[in-house]
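This is the structure, below, for whatever I ask next.
Letters are used for the chains, namely A, B and C, taken in the order the chains are written, and counting of residues starts over at 1 for each.
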């Protein structure tokens, strides 16, 4: 497929916003774990770049944008600096962390799917790649911080499914040739809102079916 | 080297069987950790694709088959669905988990070595790549589930060595030009049986030599 | 940029020394965690190759040197063998572990930056890649051993910053066209000494600014 200038700018802006949101999310987790300023910067970068790095390596776009385009590094370090200078006290960190993490999730599922499609992947693989981009950074953050990944946590609200919805919507928009700044942002917003609604109303996916206790 | 049609079909069938076995193994671990249906699907996919993704990225075959060939995704999700609908009670899960994990180990060590060889790697690097393919998915599964990786676990029976034997056998078969569906399946079966024998008879590798307690 | 024969040999020797030091470090952690000989070999290889693998995948040099150049495998396995046969008792392992880990850190931050530059990356991305190479293997080692990564540990002394200094110095030397065996070894030595001084004098980076306890 073929991108116009407006689509390229939309992609760039959304992708940097995603890096900033995930950078904040990584830095907030680092503060909660009482890491020092280096740990805050490292975790902000890993969360901001993790999903995009995995995407870029898997579609063969190396060296990845996060290493060659210094705006990404600057964005992640800015997020780390903001959190270093000012962050909510620990007992009220849960809400801002959830919100910025949901922003990163919504933005990256769209930009991940778009970039994969621009490298020639079909709608289904591009959707998968969008989900990978969106959940990869957060998984890496949680692994490095010694936490169970959000996407798998037992008591967790829907996390991968909003990303799947956003990435799927973006892939369909691209396939139909109507992906623009506005429709792309709407898909990201949809995933963001879906994630926040899931947290607010404790929507969670069902567990495996249990059989009545009987001999095997 | 050069593959005939029979070898390509053998590779395909063994590789998809490996994805199914590791998918079951990931899903069973997810159920044991009480993850929801999304967690079961994610862990099934990570376990089924993890080793192959690492292999494909390392040999430069991107985007990896797991993203472009939808049979892999379908296979892993089918394994997740099977375990979601029916799985043994927790106290008897150890045995089926060990068996399907050993199946994945046996199949992937062979297909990993074969694919690496088909990308031009020599026998020793291809053997290493087979071991990486075989243990990579399980390592990722254990990391994500917050468990010590099987391959490293203190009380563990031989895990990497059966994979090394199977991958080495496959590399030798390829090198000698006698790799077919049957000989490849035999190498996989050998690794599978070796792993199960190790579990059954508690074969484990020696620990580091201890010196008598004396001042350093 | 363009490498002469002396620079290529310098790169080779430093890189293999880094693999040996990180191999020792991985093997020592494995012994401390009471892993068996397979676990010692696996952890030695993961620590020795982890950073270089990430570097090679990110700059597009696949299959990575660690798989195709068997000297790397031999070096890591030799380190595992040394530790298997002889290692200090547990209560005095902290010091040798810190020293060999600092050696790996110093060597890899330089060779990582050099290799990235030789693939056409600019000074800033090459510096980042040097840091990634230096801290990647240790992070993988700690993740696999179930430990909090050194680079993030709460009570940790400077770890990423010495690597940043060494990688930055190497990038500047390359940029100025004066990178040789001697200047490269000096940059590595600088990072090594900086890391040991940080450990000796408990230099650590500041934590996030705390506000006085007041309502949010």
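One rule holds in what follows: a contact is a pair of C-beta atoms (placed from the backbone, for glycine too) under 8 Å apart; a residue touches a chain by one contact, two chains touch by 3 or more.
All values derive from a computational prediction rather than experimental measurement.
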What pattern do the touching chains form: line, ring, star, complete or other? complete
Over half of interface residue numbers shared between chain B and chain C means same, under half means different, so which is it? different
Taking each chain's mean CA coordinate, chain B and chain C are separated, in whole Å, by 29
Could you list which residues of chain B touch at least two other chains? 57, 143
Complex contact set, residues of chain C against chain A: 57-60, 116, 119, 121-122, 124-125, 128-129, 135, 139, 143, 148-149, 151-154, 156, 158-161, 204-209, 211, 213, 216
Where on chain C does chain B make contact in their complex? 30-31, 33-40, 42-43, 53, 57, 62-64, 67-68, 70, 73, 83-89, 92, 143-146
